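The chains carry the letters A, B, C, D and E, assigned in the order they are written, with residues numbered from 1 in each.
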Amino acid sequence: MTGITIENLSTGYDKADVLLDLSLTVKPGTITCLLGSNGAGKTTVIRSILGLTPPRRGTIRLGDTDITGMATHKVIAQGLACIPEGRRMFPKLTVEENLRLGAYQVSDEALIRARMETVFETFPRLAERRDQLAGTMSGGEQAMVSIGRGLMSGPKILLIDEPSLGLSPLYVKENFKIIDGIRDQGVTVFLVEQNVRQTLGIADYGYVLSGGRLIAEGTAEALKASPEVHAAYFG
Amino acid sequence: MGLLGQYLANGIILGTMYALVAVGFTLFFGVLDVIKFSHGDVLMLGAFTGFTAFLGLEFVGVTDPWVQVLVVTLVAVAGTAFIGAVIARYLVLPLKAAPPLNILLITLMLGTAIREAVRLFYPNGSNPKPFPALLPDASTDLGNFTLRADSVILVAVGLAVIVGLHLLINRTRLGLAIRAVAQDEETARIMGINYTMIVLVTFAIGSGAAAFAGIMNGLYYNEINFGMGLLLGLIGFSAAIVGGLGNLYGAILGGFLFAALQTIGAVALPFASAYKDVFAFGVVIAVMAWKPTGLIAERTSDRV
Amino acid sequence: MVVVLASAYAWLFLHAESQVVVLVLLAVAALAAVVGGRTGADRVLATAMSQHSRAMNGAIVAGLLAVIALFATDHFPLLMLTTVLLYMTAALGLNIQFGYAGMVNFAGAAFFGIGAYTAAVMTTQTGLPPLLILILGGVMAALIGFVLVIPVVRTRGHYAAVVTIAFSVLFKTFLEVNDILGGPQGLMVDSMKILGWDFNASPVLFGVEMSFYLNYALLGAALAVLAFVFTRRLERSWVGLTLDAVRLDDTASACFGIGITRAKVLAFTLGNVMVGMAGALYGMMISFIAPTSFTFSDSLLLVAIVLLGGMGSPWGTALAAFIVIVLPEKLQIIQEYRFLLFSVLVIAMLLFRPDGLLPRTVRAYIPGWRAKP
Amino acid sequence: MTRPTTDAVLEIDALSKTFGGVTALDAFTMSVRRGDIVGLLGPNGSGKTTSFNAVTGIFPPSGGTVRFDGADITGLSPQKVYAAGIARTFQRSRLCLPLSIFDNIMIGNHGRLTKGLWFNLMRRRAFRREFEQGYEDARALVRTFSTALADRLFEPVGALPMIERRRIEICRALISRPRLLLLDEPSAGMTHDETTQLMDDILDVRGRIEGLSIIIIEHEMGVIERITDQCVVLNYGRKICEGPYAHIAADPEVQRAYLGAE
Amino acid sequence: KDTVKIAFIGPLTGGVSAQGLGGRNSAVLAVALRNQDEDAAYTYDLVSLDDECKPNVGVQVATKTAADRHVIGAITHYCSAVAMGAVDIYHKFGLPVIVWGAVLPDITYGNDYAEVHRVNGTMINQNEVAAQFMLDHGYKTWAVIHDTTDYGKGHNKYFSEFLTKGGGEILGTFGVTADQRDFTAELTKIKDLDPDVIYFGGLTPLGVRIRQQMDKLGIDAQFQGTSGIVSESFVEGVGDLAEGTVAFREGAPAEKLPGGQFFLSEYETAGYDEPAEAYGPFAFAATNLLMDAIEAVGPDRKAVTEYLADIENHESITGPISFDDHGQNTVAVITKYVVQDGTWTVWEDSAYASGDRALARP
């Protein structure tokens, strides 16, 4: 089991600074969530871990491995997977091909098939539509593909960015059940969500980001009780 | 009958030639989503590389034609593939963030540069070169119909390469990665795909395919010159589009359609044969009016 | 200040003969571009241009006229300058199609040629006033363009590209094999005449015999300025907005009542008219035309101008037209190597400025307009 | 039957749509009363977006009719549907990213702009007046949603965060003062606070546009409960329930298929 | 010594650049040789310009040259369409020019410009001889393939005229584009027509391909070309199949004239990258003629023009030059060539003329 350690991370796009001297840890085998309003920089944290938005300062480690500035495919090779913000389908590929790409670094065909079956069990809708082009799926169906795809590689660490966006209430619940379940299988989860109530319901630990800085952290219980969080999210 | 057979045979080999060029275009549309205007010139470069390899073989005294064909093809395909990868690395990747149409301009200029460089720096490069006939030229005569062994071999190998490329793109992990990179670079990376490598490999494959087409062309026409890629590129491009960009079969269909149009235009139309290109391209315009996304339309993937 | 410098530069460049001078001037331009890009001077310049647009435009026209006046007796620089102005006009036409409405036209040279051929036929076969013929050149280009309207409007992207590419090849081949329009040998074009004033006769001003290209340079400048103002106003209007919307998202546009077909036909036609008019005047100036001047490669040259300048940016188009037309000519000194060097230079320019030389900025409907607080 | 028989603005009758083998809408019937806010609910892939697309003419329906203000608009082009007074937003944001906020909003105002070439090019004074009018309208509208945004109207949309883009999309749909507004998951990706804010803003605007009806697709039940007058629930392209929120929320089938019973 | 500026214009880039570069080198050679000559009154400075074989570019460079008052005369154009467009400019500016390669009759005969001269013959002369020659050898039926440029179309026109007048029969005419690669459709039809001779009006690259594909389709007709294929690269490109190809070119064969031998060996010594090609000798002759004129009357455009008007039997490596009142060289000798053992051999010297070898289907 591996965790993520971020130390003094600063980064941004072009001339804009987004993250300022951010440090956080995702303990192995836990669900750690990152909360924050729109534009706080949550997605940027995930992009930095993946090496898509290279850090300007600071270090990022997976367990003992320094992955700061490492190429994305090498980061993935460390056993990381990501369910990106906005689903990011390959629109001209079929549902099945999209899922397959989730397991791009897996070469065992039997394993791929087995995992795909598991995804199909969770989301029967995807099984019905395995040959449909992902681009023509409905918004929520695409979210299912994206979640399924993120599970295909059997990751040790999973980064999730707003997975339940556009999902119906039923599937939102389903989704949180899945996340809860994979943590129980020993996967480390770093979760970004707007659905604070349910997120804190399953998370072990959480951070609150605002304007690129951490403004609060603590166990899920503590955060639920925290006045800042309460004010901002439960209205 | 013999005559008709001959036209058919001619058309088939010409169509194969066009299809092979068209396939290269389809490959690049997939990855770059722009017209790669240098494709024809890369083809020419491949043919010249092969020709040079042939001269080298002659020089060291290898004369067995089969060995020669093999070495010439290998050297041309590998050499051109390498050059393609280098071009991708230094000219295309740095521009990935720019509007895709600017890559069109780069490839356009690159094509000119390649063409001019061969013309100027290849020994006596402004004149046509005699590409050796390395394939067996045995032939069967059936009245007016002459079928030559080399034509049959070329068609067979050409189609095999196209089908091979098709399988590569549609049935392999590499092919899946290529298609993924084409659609969404960043997400492809998140899937663990080595983006840079895939772009380079795609360019290498595309350039290699062009080189192969160049060699085929040389073997069949026994003549290559620095300008040979211009029209061939143009026709290959049109064939790819008319056929439909969705899959490689569109390229084949388009290639054969073009060959058929030109043959018909040259021999079967009531007006002078000089109008055959007017005819062929006129039909292309009509086809596009009728089927705006090509004969084999792509499955649409966009929705609202 | 900048305008004065630019005019002076243009004058020097057109004048430069020896290779050393050309190379030095090129280096200066490159340096200016790099320094401009690094220090953000180009942005400042762009904002200044849009804010004091009236004064700037005046200054630029004055600069252009000054350059023309300086060359009043030199035939060749005037010929080059006029060529640049006409190609700029044509490229501005393509820019409407391509930069605004997003319709790639790879048959620019064909429409240019239609204008030129119209001029050839009309000047020699009819007694119509040449100024009218100039306009007819544009009209003809648009009319023949209508042949393509159905496929061009129905197709998109690469599929649309192939339509114009096919037309480009078809046009040239047709002219060549068909002898009515002179076949491959081409046609003579009569000179421009306005009210008995023959453009091909050298005007005498203040006792000095001017180059007869002066006439064309002035008319070319008028046409180019007209085209420029037209493009600018188009961009800064609801029509320009409509074209942008069609280019960027036709489905969403349709949901807000924008007629996609109408917009595309409009852009295609307007663009072709501009290209055709430029072609007609060009034909009259060159006075002899043949199919080989209107090939697919020439179309690509026009597209290259639009792309190099920065799609949708009229100033970029003007600058790129200057570079693409004058540079190869200035490279004559290296003779057979000139196109090799030219293509390498263009690649280099793009690597340094991936968005084109002067990328388009956000639209300002009324130059200098500021919201009341 | 040309006169409206009820006070219904929109009447959808037995609307169907199939994609190849997939039946996305199956004889779907609903109607919207003038001034109502109707929630359109249903599991993922149940045909909600498809019904919007069929109404706005993105594609012709496979069967059924749509009437708007008594006139049959079935299968009309998107342009005609817009002209009739229906505006919409898209589930996946569809703004023109390189263009400014103002430009994007004015695209929505297309119906009210003077489109003649002569006017646009030659009558620059008149154009200027129209432009200034447009600017005032756009600014006033944007200000309802975000005062900060109202001062940045000439910045490119591409530089804005998602939430702002959603607001601009809604402004683009509202600027033409439509009679029916179709909102497809407008609050997706927003925090609870932001969502509440947005809904208040939408209610605010509705108050100012007389007779504006709204259909809203939304998976956030709190929102639905608070702002809708009526709800329609779809499943597999068919209507399974209809009525005020309290009614449908209590329906067992809706609970099973959509809400996920506790 | 004073320096005098003269210009050379030809296609230095693009499809026919091989010819242009050969011409350019030949002109450069002529100037270099003259500058070594102690007796020459002036030092010559040659400006070479590229017309890309495009009329619009041609007009551009013609203006550049003609407007430059220091340029006294020019050796101009290989491509007819370009020459047609540029002659007006030369006339307007009064610049004497000598055409070195374009063969369209109208360049000299289509106008009365005193400034325009041409050392090479027109395609009329060539085709008259060609038609007669072939008819004399007993051929009866032809198929004509020509490219659709002015060159190919012109040749088709004149050859067909002379041939039908002489009693030959043309079974079919095929226009092809200058960059076409595949001719199997046309050739298959020709095979069916079964002519004695295939006449090809066009340039080397096309000629090579057509000859190659004739063989592929098993066509055994005699192959006859025009001046456009009288080049080493044709023979090199076609290889063994070239044997027995006949073609015709204006001008005396350089290798048979004393001056011609000299030219060829000097060209060899100078070590240019590109061969002189078919029209190199004409460029060389034209350059020398221009310099002779300047030597005689001094660096003055008018004087040179007047001097050139009276040229009669002027010695050159392509034979004597005499201009008629259109500036056209009238002593347009036409040389007949046949490929023998991999070289273009003057017909009269060949094994074919002596009867040791025979053309196809005589």
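Everything below uses one rule, namely that a contact is a pair of C-beta atoms (placed from the backbone, for glycine too) under 8 Å apart; a residue touches a chain by one contact, two chains touch by 3 or more.
Please read these numbers as outputs of a predicted model, since none were measured by experiment.
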Next item on the list: Would you mind naming the chains that touch chain A and likewise touch chain B?
Entry: D
Check: Using direct touches as single steps, what is the fewest number of steps from chain A over to chain C?
Finding: 2
Notebook entry, point to check: Using each chain's Cα centroid, which is most distant from the centroid of chain D?
Noted result: E
Note to self: Nearest whole angstrom, what separates the Cα centre of chain A from the Cα centre of chain D?
What the structure shows: 31
Margin query: Measuring centre to centre with CA averages, how many angstrom lie between chain B and chain E?
Written below: 35
Next item on the list: Determine the centre-to-centre distance between chain D and chain E, using the mean Cα coordinates as centres, and give it in whole Å.
Entry: 74
Check: Do you know which chain C residues sit against two or more other chains?
Finding: 173, 176-177, 251, 336, 339
Note to self: Could you pull out the residues of chain E that touch at least 2 other chains?
What the structure shows: 13, 17, 21, 148, 175, 177
Notebook entry, point to check: Do you know which chain A residues sit against two or more other chains?
Noted result: 136
Next item on the list: Sort out which chains touch which and give me every pair.
Entry: A-B, A-D, B-C, B-D, B-E, C-D, C-E
Check: In their complex, what parts of chain B are in touch with chain C?
Finding: 29, 35, 37, 91, 94-95, 97-99, 101-102, 104-106, 108-110, 112-113, 116-117, 120, 234, 237-238, 241-242, 245, 272, 274-275, 277-278, 281-282, 284-286, 288-289, 292-294, 304
Note to self: Using the touch definition from the top, list the residues of chain A that touch chain B in their complex.
What the structure shows: 50, 52, 71-73, 76-77, 82, 84, 88-93, 97, 100-102, 104-105, 133-136, 149, 153
Notebook entry, point to check: Hey, which residues of chain D end up touching chain C in the complex?
Noted result: 56-58, 77-79, 81-83, 87-88, 90, 94-100, 103, 106-108, 110-111, 113-115, 117, 120-121, 124, 127-128, 130-131, 135, 139, 153-156, 172, 176
Item checked: Contacting residues of chain B [partner chain E, same complex] -> 3, 6-7, 10-11, 13-14, 17, 116, 119, 123-124, 126-130, 139, 141, 144, 146, 148, 151, 217, 221-223, 225, 227-228, 230-232, 262-263, 266-267, 272-277
Margin query: Under the stated contact criterion, what part of chain B meets chain A in this complex?
Written below: 173, 176-177, 179-180, 183-184, 186-195, 298-303
